[in-house]
Structures are given as structure tokens and as C-alpha cells.
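Presented sequentially are two complexes of subunit A, the first with subunit B as partner and the second with subunit C.
Presenting the complex of A and B:
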């Protein structure tokens, strides 16, 4: 099993010009992950509890000891399968997409670095290396968002993403301290074994740990209020958006909570917080997605919204369902992004949906993939999204921790999802071409083939639902979550989704004039949504500006006019005093003699009286 | 052996001072040979160092001033051995960097070597008077190096630096003498040996003032907020090669002094006053980082970031436990490597562009791809990316603070301040790196060249170490561990008279 890690290390070292090497490295990693999967499948379910492989002792400092080791258990192998599988497909796609870029090899090496880091993250056997992987994926994400480093917006977006992630990292590091202080170890195995015995539900330590970990999870998975970096992250090349900001990295937060399910089950309060934030993020992002015009930004908001679903799922204790949705989402969202990338590629870099149109005939394969992706996203029956999302929405009501509020958030979001996803679909693919200067063309095979693979997975992956839940069950306390059946709720969800689609169709078909009054009426709302609820502006006003102001204050007032000034004043005073004193050294013998006598008297008096 | 290490640079320096006939090339070679020989021997010592043994190794003693029982005694333990190695390493780097210094190279390199001897001496001295002599010896070459070869307000800066440091070191001298006197009163044995003196039991009142004196000296040298105000002036005026010695090696003497003297001698005083003092360190951490964000001068960014990082180191020491102290020692090495690499980069950029102002240039990536890669790595290490060396030190330090008994009550706040400093570090480092290297600009000089071989040569070792320490810190921490334990749990063999008439002596 140690080979597993080595093959990933190999993936990083490849900096060859050829995309082939990069792809085969990831492909090889996928095969190894698959091999690990079959290994695990051959074991009896009860024996699949996981296996820690120590590579080398990393540090010993006092009581604190840490080995560099990897954990192979159903959850990590499951994540590895997604990461390397989807990663491989996207690598192949990148060969086509990035073909013209002069820095093609740099791109590929960053992508490999990402796959490596993400593997570290999911294979870590303790919280420390979790943090290492956590920060490394942040780095890879930073590098890839800022890949077009000559573009100012890309540089700013990359910086924003990095700083937000560092905030999350700090939360995780502090969490690690609390864990170490309470459990004397950072290993998952030790911590998870001790936690239920040592702590009652909702005890302070557990709440603190789970909350601090949550800061990291929210930052990485773009949940409110640490979400603003994700839409900006679309500045990166599209394969990056597909791989990192849809399929894998942003789901790390969900993985983290699932990984620590033992701790989170002891902290119902935190769970409620997760579910609430997840639900609110879902609807919040969906509403913003309604009005954006950049095709990638819409999909980015949709990702945020779907991540909200996953958080909702794990927040109500349905860890398996969260992971299942993570998987299906990885397929269909990667598919959507790659299709969008294919559109952008075909349109020579155009991302504004208002300038697209009529692509159905010109890009048939892309059209079909996008359609399948969208259907899966809105949960059209029998697509993969249907199985995973429907299960979450119904659980939001029926699960022990579910309630009508969560369900309401989830189901309204489903309606909004229908609208925004088909709004871009209609705009891009239907009707006539709007920009006479554009010369769209279908993408090469190396790009459409990955689309086909992902489309296939998006269609059929839903059928794996039960297997996934069963496979992962050893990690989540050994029980498969009960399947809730509720025809009525399902009907409501589907109806709302359909209403959303029809509304999008309506918007598309009706001409401008007739809906003008509706538009005018909704204008303020539209403005708020278009400006993303002014969150960026709020951050700027409440965090960025004060930080700058205080920094300026410290520099000018505290430093120059304060500390430094005082020091100089002291020096000045000393100088004055010494000038005064130097008069004693006037060179006049009489004065010296007087002083000597005075001094002698003083010494005598001292001796006599003391 | 340590004696040879310490004095080889001195001999080279003397050769340079008195052999006027040498041409520039010979001067450079002599200096490099002196520093290089020293570095080679340090590597030998590292290889021969017994990790398991907590005490001092390679000890050499001879009489110096027999009448006062002042000895020449040197030795290293697991803490100082790394600092010696760091100093020797940085000296070689800074001499290589000085190659192009045109004015009066002979004296310039001679003084650099003298500075090396002083710094090495501080780390290996086992006699308080010897320690003091080396401590002052560092000051002399620095004074001339900045005063004569510096830039900007160099005289003002030098004066400030020297006066600040002298105030501290005179206080320290008083405390050093008092310490031996107290020891003499208790045992009737006059000694200045650090190894013996640290076993002296001091009553709380004495501890208090002596601690204050020592602390002032070390706090100024490091510097710890609010004694830092000499630093920005000095760093900005200082030529880059000297700055590397200053920030990389000399600033560590303050931290080293804290560990060597304050921890074993004044446990009660630290217990009582560690909390507010650590508060200063923590404030310095955030304060330095906050000001660094606002800087446009790339040299000033790195200078203020140094205040922030040295605050981390001080905080770790004041945590007064194993993780904290080990983290601090490791972080000293890390900071020495990272800050000097950053200053080298600053120097390269200034030399190429003729300006240090971030508003005046950007988009260097295209012209300087190699520097881009190395700069990025160093940037990431400086902002504490896990997997690189900076993170290991910071992680251990904050873990030490979190678990610290002396900082109980405020440790959470200090850790959060550390977290804030780390977030700020990512901001100012990215401002620096992205501002200089990314985006695009058409105002750059057309003949801009990437870094050449010798520049790669001085940056590459730092880059390798950054990655290596990050991946395998055990190698380093294992050597530090036993010594750190020993410093923290110093047995008190010698008691003051007032507390039971003497007691056994060592």
C-alpha cells in the first residue's frame, strides 16, 4: 500500500513537456486506487475498518510525536477513486483545452501537484497531515486560479482565495491543538476511539473542536460567510474550475465532516449549525445564480448551492448521503464545467451567455453533454442527481435531525436550480447566434471524449447509491442510513424543479417588451442578486478598509510618532543631560579639587552613618 | 575544534586587514576560504554530534584571566549547534554576495569575517565574560559596515542601533557580574562558567531585577516589541550581505541568550512575568505583520516581517515548555534561512531595477522565470505553508503556547494572535510576491536578465533546506530536544546563603 503514496509523489515530479506523462501519472494513480478498492471489496464488511501505513517518523517533540502515514479505509479509497478518476478525465480534456497555451507544461505540473495534494488530504491518517494536504490543495488552487498571472483580476482572485483559505487553515491548526490537548494524539484512530468514551454529547471540548474544524471546512467549501472566493476563482482555466472548484477540492469540507463523523455525532449543536448554514448557502447561492451572465459564474454559484446540499446532508447526520451526492455532483458538475469549457473554447474565450446562442447545431456533442449535466443537476428522474439529491431533500424532512425548515430550504433551492441551469442552457444552445463575429466550432475528440465519459457516469451513477452507502458504512458507525420513501415530497420537489425549467423557458421565449413591467418591478431585487447581496462590499467596508486604516495608523502614529519618537526623545534628553554634565569637566583644577573634597566627604559620611 | 571554527574567520580577517598587497580576487578568495573552512568544520561537528546526549559537547577550556577565574571555555549543545551551523552557512553566502562590492573590499570582507567570529563566539561561549566579549565584538564590525557602506540615513541608523544595543549589553554586564558575586557568596568559589552558574538558586527579588537586565539586553538585540525601533532604520540602511548576517545570525543571539540564561536562571521570574512579556512578543508578531502589509518598499516589507517572525520566536521561548522552545530554535534556523533568502531576492531586484518601490514595477515573471520559481518557494515558506519549514516551527511554537502553563489564561488569545499574524503573513507575502512578479508591465527595462548562476548558487541551498526541513524536521528536532529539556528543567544545586547556608556546589 505504500506504493500508493509513492505513485502520487511520482505524479508531482513529472514536469515533462508532454501531457501524456501527466495524464499517465494520474491514470496510474487511478489504477492503484482501483486496486486498493478491489482489495477492500474482497474483505468482509466488518474487516474494512481501515489500515494505517507508516512511512517514516516525522517529528518528536516532548509528548508530541507524529509519523508520516497514510490511512486506507473505505472513505479514503472512495475519495481517491473520485479524485483520480475525475482527475484523469479532466487531465485528458486539458490536453485539448490548454493546447495553445505557451505555459502548457506549467499548467500540467500544477494539476499534478493538485492531485497529489488532494491525495495527501484524503489519505492522511491524522489531523496534522490533513492540514498539510488541506493547505497544499489551497496552494494548488491558488496557483491555478492565478494561472493567467498577467491578468490583474486573476492575480487578485488567487490572492483572495489563498487568504480565505489561510483563515480556514488557522482554524484547523487551532482545532489540532485542542484535539492534542484533550486526546494526547492527533491520529484519527486514537481520537475517534477515545472520543465517545471521554465526552458527553455537546460537551465544551467537542463543540470547540467541531466548530474550529468547521471554520476550515467552510473556508474550503465556500459556505457562508467564507464563500466569496469561489465565484472569483473562475478566473482560472476551465479544467481547473471543473477539477478543483467543482469536483474535488471544494468538497473537502464535506469529506472532513464525514471523516470526523464520530466527533460531529457528539456535537448535535454543531450539526444543526452545519445543516442551517448548508441550507442557507444552498438557497443563497442559487438566487445569485439566477441573474449572473457569465456562464462559469452561474455554474460556480450552482456548485456553492450543491455544496450547501451536501453540508445539509451531513448536518442532519446522513454522512453516507452527503458522500453519495459528493460523488454524483463530481460527475455532473465536472461535466457541466467541461461542456461550458468546450463552449468557451469553441467561442474563442467568450463567457457571456447573452452573446451565445444557437450552439445546438454547431456543437452537438457539447450540447448533449450539457443537457445531461443540467438534467442531472436539477434532479431529473433516473439521472444520478435525482437519486442523490432527492434522497437528501426527503431526509431533510424525515431524518431524525431533519425538520420542515431544512426541507423548505432544500426544496425551494431545487426549484431555483431548475431555473438557473436551464436559463443558461437555453441562452447558449437554443435560438440563433447573436454575435456575428464569432465562429463557433465543435471541440476536438480529446475534449469531447471526456465529456462522453462523464455524461455516461452522470446518467448511471445514481444506480450505485445503495452500494456506495453500504461500502462507506463501516466508517460511519456500521449502519446504512435508512431509505426514506415519500411520494408526496418527491412530487413537490420534481414539480418545483419543472416549474423552474418552464420559467426559464418562458423567460427565454417571451420577447423583451412584454416582460418589461415584470423586469422593472424586479429591478431592485435583480440588482441585489446581481451584486451578490453586496457581500464583497461589506467585507471591504468592515474588514479590508479597517485593516488598512489600522495598518496606516500603526505605521504613522504608533511607529513613527510613537515608539520611534519616544526613543529619539530619550536620546535627546540624555544628550542634554550629558551636555550639562560635561560642564563639570571644565578643565579647571579648582573645580576638580572642590569636587574631590566633596566626594571624599560624602564617602566618609556614608561610612560613618551606614 | 570549536575554537578553530570561531577563529578561522578572525585570522582571515586579520590577513585582510594587514596585507595591503592583495588584489581584489585574492581578497575575495581569502575571505571565502576563511568562512568556508569554518563551515566545513561545522559540518564535521554536526556529523560528530551525539544526539542522545543533552549536555555540552566539544568542550574546550583554557585559562584566560586566572586571577579572576575567567576562563576561555567553549562548547555546543543541541540548541547552539544549529545556530553555529546557521551562522557559518550565512557567512559563506554573504561573502559570495559581496563579491561585487567595489569600494574597499578588503576591509569590507574583513569586517564581515569579524562579525562572523563575534556571532559564532556568542553561540559557543560557556563563560559569561567570554560571552560578553563576543557580544560586544559583534557590534564593532556592524557599526562600521553600516556606517561606511550603508545607504540612506546610515549614520543615524547606525548610531541608533549601537546606542540601543549598548544600553542593553551594559545592563547585561551588570547582571553577569552580580550573578558571579551571588554565586561566590553562596559557595566561596569564584567562577564565570555558565554551566556552573545556571545551577544557582536565586531568590525571587534578585531573579526579578537580574531577569529584567538580561531580558532588556536580549529583547533589544532580537528585537522584541517595543524595543524594535532601531530595526527598520538599520535594516533599510544596511547593505544586503551584512543584512543577511544581521537578520539571519545576529538577531538569533538575543533569542539564544534568552534560552541560555533566562530560562534556567529565572524560572520564577518567568513564571510571574512571562505572561505580560509574552504579550509583548505577541503584540510584536501582529504589529510587525500589520505594518508590513502597508509597506511599498520591498526591503521594508521583509524588515517588518522579521519583527513579526522574531515575535513568534520570543513567544515560543516564553511558553517555557518543550514544544515552545524546540519550535523556537527550529524557527530561528528557519527564519535565518527564509529572511536571508528574501533579502537576497530584494537585493537582486533592487540591483536590476534600481528601485525597491512596489508601485514602480511589476510583472517580472516573463523576464525572470527562474527567480519566479525560487521566489515563490521562499514566499510560501515565509507565509508558513505546511510541508515547508516555516510551518513546522510555527506549529510547534503555537502548540507550546497553547499548552503552556506560564501563559495559562491568555494562551488562547496569544494563539489567535499568532493565527492573525499568519493570515497577515499570507497577505503581505502575496502583496510582495505577486506585486513584483505577476501581472504585466511594459515599463520594465528591456535588457532585464534572469538571475545568473552565482545568484542561483546563493539561493539554491536555502530553497533545498526549506523543503528538507519541512519534509523531515525530525532530524533537526531530535538534536534540539534533549538540550531543550535540560534547559527547562535545570536542577538547582547551588542555593543562596539566605536560603539555608550554601548547599552543595557543582
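Presenting the complex of A and C:
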């Protein structure tokens, strides 16, 4: 099993020039993952965990062992299914979307690199390869965000994403070091087996480890305060946004916490922190999303907000629910992004929703997909989002670690979600066409087919909820999270969601005067939200500017006058010595012989006087 | 009555095989015409058989000839290193000799005889045997250095080497005599057991003998301050001979050096290890600093070879089993990377020693990228950059020394590695970043044997760098 799994990685690595090959590589990977899934399904739940396939013992140095090995368990296979499944669909979509791009094959190879890195990340059987995958994913993301390398904003966004990710990587590396110090191993199996025996809940070591891992998770999953790169990352091509910044990479943080659930259960304080940050991020991102005008940015903020939900879920100990929402979110968010991509493609690159409108009739397939995606996002009954999100919101109240504060955050966010998702929906698809120069057209079938597949999944995936929870349960200590029924809470959530939608309807489907009126009334608030709470400005003022000043100072004083000077002098002296040495080398045999005698005498003198 | 020594011809089989082949080559040379290719194949076959026959006795230490000859892992491993390095030297010579007009069949048989001497050196457990081995090796090398009879530089090299070498042999022999005088035996094991009782430890005769041994060995391995012959001789000799001299014979002398000091007189190491530390440090410094301003590639590698002798001395000073295995590993690694670098010098070399300056390498990276990449690999490995063999070798040597607490020595060694990058990288900079002066003229002569050598060397350098495990565990035995 492990061998086959790796052989598909090899196939993915092949940077073939043709989209077909790229797609079939990912498709093949998906089939292998699917095969692993059926294999696991046939096993008894208790036997499903801990299949570590050692491929090659790599480094053995003292007590440090490192094997190249993969972990096959429900969690990794589950993630693999999502990554390769959604990845495959998006690869197919990219064939159409990137068709006109001269750098088509470079794009495809980066995409394959990303899938490979992500597979390494989720299949790693120890923290070392987890970090390898983690960093590779960061690299792939950097390359893809900055894909339009002639666009300055894209390059800046890529750099920002990279810096943020590196902050997370540092946290991860330090975490790995602390883990190795404490447990003497980096292997999941060893660490997770030893942890409960060695440490009491909330002991310092565990809190430190979980916190450091959390830094990595927050950076990758764009949680406050390491979130600013995600909206900017929308500068990349839309399939990238769909694949990396919605469906897969950003969920790595959630995966990490779920993977280390054993450790996190020993650290309730950290869990509380996760849930709080998750909840706040959810509402924070949702409010910003209310006022943005770029269609992709709105979806990006909604991604952040949904990631907040996932963190909330894992933070209150509902790991299974977090993973379930991760899955449904992967479907409907990829769907939304791809539909948005289809819109942008049809509008020849226009991303501002104020210039769109009336696309319903022109792009019916895209319209339907986007509608389904939005409905699922707001948790409209019986769509997939409904099942996963509703479960999280109710658990936020009813779970042992839940409280009314978490629930409040979650439920208000649900209302805001309704508003902003339908705001863009109405802007883009309803009303009249606003830009007379645009000639929108429906996208080709390679693009709409993936949309339909994802739309189908978004609609029905909710029904898999119980199966997913049960499948994953062995990884999370063997119990299926209890299902909470609370009609009242459910009702409140649905009502708020509906209120959001209706508010959007009321504002944006009627005349524009009303929008203007509301906007003027709430001008200060609008400004703060539009500026994203000034977080970027804060970073710039407190971190970027001082760092630049220090760098400048060091360059002028320390570098030029200190180090450079010393280095130059050393080089000068070394050269002089070298020349001196070669003059010693006179070429005369008698000098050489004398030299030998001299050496002998010196050694003798040394011995006598020593 | 003196008991007759145990005659164990099987132990001696590599030596016997090689001697027979060397004589065969010599005789066959009379009957064939001007094309000496058949001699090459015969010599290679001889080396191969010698290496194989060294395995005949298994790996356990087996003493024979009144305990003066020993077969153990150390000697077997070195026999392989010698066979490989001699084979590489022979293969390098094929096209070089054709181009340079060296039409002497004895050439190959002398290399084989020299190899015989090296095997004797690595296997001897007795001062007299060691001297015998050193003389076989040295005399062969004197001839090889002067093999280009019509070349002035070659003659100068041979004569210098001979005069100074004879001088050094005097030191060595006198040192051995004094050690014998102090301990009453020439067997290394017996010397060790005599010295185990404390009364002889401070005898002036013994210490004088040790000093003279250091001088003699110091000369043979070209350590400072007895190194001065090396740059001149290396530059003057034919390039394949230079490559040969810098690897095999040096390794053999190091083996004897190691046997005497670590197996024979470890009990008085208080006296000699400080001396050797100082010698090692100044050897590294002089070698590396001397190389910095060299413009001639052969001279540059000669100085580099001096500095490598310094590193190997560190392994000897460590005196532990890790030191021994790191010494062996380093010999093998050094054989690959040094031969590789020399092979590239040879294929770029033209008659009359053109194209031997560093500046002749300008632009090589663009005209002949494969050659330039190979050269970069060898140079970086010589400098000790992972993932190449040189790094692993240095790493093991230094960790052996650290284990015994020679921290200062190791720090100085690492510092020297850093210095050495200056001149190795300088060549690489020339290859990739400088425009050639005038028209580009260097035309490599791509003879199949030379390419084979480069291929083997690249493979060995990378293989030992990435998967050092099997070789290390062999040397640990």
C-alpha cells in the first residue's frame, strides 16, 4: 500500500508539459487514495490506525532515527481523498481557464508540485516530514500566488504569504525540537503513545508544544493575527485560489490540530485559545467581507471565516466535526471560487462586482453553480453546508467545552455570511448589465463540467456526515461525537441566515439610493471594514518600518564599516602570508634539505624543553 | 637456534601476483611493437587479481613471517585503495602518454612495482618491513617522476625528489635504528609491550628515534616543514604520475605511520602527540595558504594535497578506532576526488604544459558544461562540502578527534577547510563567471579511458558522500 502510494507521488512529481498528463497524474493519485480508502473501510475500526509503512530507513544517528515512511490511517486517507479529488477537478478546470496563458505548462507543473507537497504533508508519519511537506506547500503556494510575475501586486502578495508562512514554519520547527527533547522521537506513533502517560493536562511542556504548533497552524490557515496574506493571495490565478486558498492548503492547520488531537486534549488552555481565535476570526472576516468589492476577495474573507468555524470546532474538542466541515467547505468553496473564476473568465478578467450584473441569463450554468455554492455556504437546509455548519454551531453551545460566547460568535457570523454571499450574488447575476463594454459569455465545457461535479457534491455531501464521523473516529480516541439536537438553536441560526439574505435582497435588488443611504449612515464603520480593521497598516507601522530601519542601520554601520572592513583586511593579510610562503619555496635543493634539518632540530628542541 | 619463520604465501598473495604481473609486463614489452595498449590491460588485470587475492585470508588479523607481516582489515582495505588508485593512474596515462610521446613500457610495470611496495607497507608489522616497503615505493617514484626523460622540469623533479628522498630515508632508518636500540626489537607488537613497562619511556635514545621517525615520515607524506619537495616535484612530473603520487604512495606511508605510532609506540604518545598536532596544524595552514596564490593548477593541487596530509594527521592523532576507520575512509574518498580533479587537468592539458593555468579554465562552464560540472564536484568535495565524499571523510576525522578531546585541533582544521574554499571556489568562479582571454582555445581530448576515470571518480565522490554506510562499516571492522 505504501509503495503504491509513493509511486503515485512519483507520477505527480513528473513535471509533464501537457495538462492531460498533469490531470491524469492527479487522477491516478485519487484512484490510489480511493483504493486505500476501501482497504481501510474493510478493516475493523480499531485496526484502522497506525499503519506506518517504512519505505527507507534514512538517517540513524545516535538516538535519532529518521525513516522515510508514510502513515495510512483514516485521517490521512480522508485528507488525501479531498486533496486529490478536489485537486483533480480543479486541474481539469485549469485546462480551460489557463488555456490562453503562454506559461501554461509551468502552471501545471506548479500545481502538481503543490498536490505532491500536500500529499507529503498529510501522509507524513512523523513531524519531520510533516514540516518538509509544510514548507513545500508554502513554496508551491508562493510560486502560484506570484504566478503572474509581471504583476507587481502579485509578487508582493506572494512575498507576504511567504513571510507569514515562514513565521509558522519557525513555530513548527521549534515545536519539533521541543517534541524531540521531551519525547526522544519525532514519530507520531511514539509521541502520541507516550504523551498521556508522561504529562498531566496543561503541563508546561504540552502547552508549549501545542502553542508552537498552533503558530504554524494559524499561519497556514490564516487565523488572526497571521491572516493578512490570504486575501492578498487572490492575486494568483483563480484555480489556485480555489485549490490552495480554499479547499486544501489553508485547511492544513485544521488537519494539524486534528492530527495532534492527543496532544491538544492534554492542553485545554490551548484548546480554549483555538476556539476563541477561531470564533473571532469567523466574525472578523465576515464583517470585512460585507464591504469588499472584489469578487475573489469576498470569497477569500468567507474562507477565513469558515476556517474560523473549523478552528472553533476543533477548539471545543469536536475534531470530527471540524474535519467534516473541512470536507464540505472544500466542495462548496472550490465551487464558489471556480464559479467566480468562470465569471471572471467570461467577463475577460473583470473582478469588480460593481461592474457585473445580469449574468443569470448569459451564464446559466455558472449561475446555478454559484447559487448552489452560496446556499451551501450560508447553510441552507439540506445542502452540505447546512449539516456541517449547523452541527458546529449547536456544538458551540452544547459540547462540554462550548459556551454561549462561542455560540454567539458562530451564530452572528452565520447571519453575516448570508448577507455578504448574497450581496455578491445579486450584484453579479441579477439586475442589469452595468458595463456596456463587457461581452460576457458562458465558459467552455472543461470549466463547467467541474462546476457541475462540485455542485453535485456540495448538495449531497452533507448526507455523508455520520459516515465521515464514524470513519474518522478511531483517530480521535474511538468515539463518535454525540449529535446534539436543539430545534430552538437551529431555528435561530436559520432565521439569522435568512435575515442576512433578505437584507442583501432588500438593499441590492432595489434601487441604488437605498444602498447609498445606508452606506452614508454607517460611513465610519464602512471605512473601518473596508480597510480591514487597519491590520495591514498596523503591521506596516509596528513591524515593517522598524525592521527596515534596523536593516538600513545595520547595512550602513555594521556591514560597510564593520564586517566588510574586517573581511577585506583578513583577505589582504592572508594573501600577503601566502606570498611570503611561496618565497620560502625557492626551488633550491640545499635550502629544502636545510629546512628539513631545521625542522628536525626544532622538534628535538621542543621535546627537550617541553 | 633460530626457528625458521612461518612462510605464509597465501598472506603474501597480492604481493606475489602483482610482482609476477609487473615482470610479465616488463617481458611482454620486449615483444610487442609500439602500441602499448595490451600492457595496460595486463596491468589492470594484475591489479584486479591482486585486490581479489587480498581477500584470501579473511578479515581477522593473521600474522606471518615471524610476526612481521600482517593481514587485517586495515591492510585489505588499503590494498583495494591502492589497486583502485593505481588502476586509475594507469588508465589516465594511456592517452596522456600517447600525446606526450612517452613510449616506455616499463612505465606500467613500475607503477605495479610501486603498488607492490605500497601493499607491503600497509601490511608490515615490523620496522624492517616498513623500511623495505618505503624504499620499494620511493625508488619507483623517483623513476616515475623522471619518466619524461627529455623534459627539463621532469629531470629536475626526479633529481630533487631523489636527493631529498634519500636524505629522508636516512632520517627514517636512523630513527628506526634508535628505536631498536632503545627497545631491543623491531616488531611493532613487541615494541609496544616493552614500552608498556615504564622504565624505558623517557630514554633519550628512544625519543631521539621518535623525532627522526617524525622527520622521515613527515617528508614522505609531505607535511610541513618537510614538504618543500612536493610542489616542485608535483609540477615537474607527468600529470598522471602526480595524481598517482598524491594518492596511493601517500596513503601507504600514512598506513605505516599509523602502524608505528598508534600500534607500536602509543604508550609514549605524551611525547609525540603534541609534536604531531603542531605539525598537522602548520601543515594545514601552509598547504592552504600556499595554495591561495597559485596560478598553476598542478601546483595548486600540490598545495591542496599538503593540506590534506594535515587533515589525515588529525585522524592519526586521534589514536582511536574511529580515527583508523576515518583515515581509511578518507584515503578512499581522497583517491576518487583527487584523481577526478587530475583527470580533468589531464584532458585539458596540451603538450608542453599549456592550459595548466587557472585562467585557462575561464569560460569552461559554457563551452564544456559537463566537464565543468565534474570539476566543480571534485573541487567542492576536496573542500569538504556535503553531499560529497570529502565532507563525510572530514566529518569522520574531526569527530574522531573531538571524541578524544582535541577540540582546538578540530577548530583549526575546520577553519582551514573554510580557507581552502577560497582557492577551490576560485577555479569554479573562473569556469563559470569569467570570460576567456582572447579566443577560446582549450580543446579537451576525450579519450575513452580518461572519461572512464572521470566517470568512476564522479560516481565514487557522490556515492561515498550520500551512502557512506557500507564503506564505513567495512572500515570499522
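Quick note on the criterion: the second predicted complex is superposed on the first by the 543 of 610 C-alpha atoms of A that agree within 3 Å, B and C clash if a C-alpha of one lies under 4 Å from a C-alpha of the other, contacts with A are read in each partner's own complex, and residues count from 1 in each chain.
Assume a residue touches a chain if its C-beta (ideal position, glycine included) is under 8 Å from a C-beta of that chain, and two chains touch if they have at least 3 such contacts.
Just so you know, these numbers come straight off a predicted model, no measurement behind them.
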- Scan A:149 for contacts with subunit B and subunit C and give back first, second, both or neither. first
- Note on the structure: The answer to whether subunit B or subunit C touches more of subunit A is B
- Query: Now for A:577: first (subunit B), second (subunit C), both, or neither, which partner does it touch?
  - Reply: second
- Query: A:491 contacts which: subunit B (first), subunit C (second), both, neither?
  - Reply: neither
- Using the superposition on chain A described above, determine whether A:552 touches subunit B (first), subunit C (second), both, or neither. first
- Message: Taking the superposition on A as described, I'd like to know which of subunit B and subunit C A:599 touches: first, second, both or neither.
- Response: second
- Message: Touch test for A:136: subunit B only (first), subunit C only (second), both, or neither?
- Response: first
- subunit C partner contacts - residues on subunit A that touch it in the complex: 574-575, 577-579, 581-582, 584-585, 587, 589, 591-593, 595-596, 598-600, 602-604, 606-607, 610
- subunit A contact footprint on subunit B (complex, rising order): 160, 163-164, 226, 228-230, 232, 287, 290-291, 293-295, 321-323, 326-327, 363, 365-366, 380, 383, 385-387, 391-392, 395-396, 398-399, 402-403, 415-416, 419, 422-423, 426-427, 430, 434, 437-440, 472-474, 477-478, 481
- Which of the residues in subunit C come into contact with subunit A in the complex? 159-160, 163-164, 167-168, 171, 207-208, 211-212, 214-215, 218-219, 225-226, 228-229, 231-232, 271, 274-275, 278, 286, 289-294, 419, 422
- Flag every residue of subunit A that touches subunit B in the complex, lowest number first. 56-64, 128, 131-132, 134-136, 139, 146, 149-152, 155, 158-159, 162-163, 166-167, 169-170, 173-174, 177-178, 180-181, 547-548, 550-552, 554-555, 558-559, 563-564, 567, 571
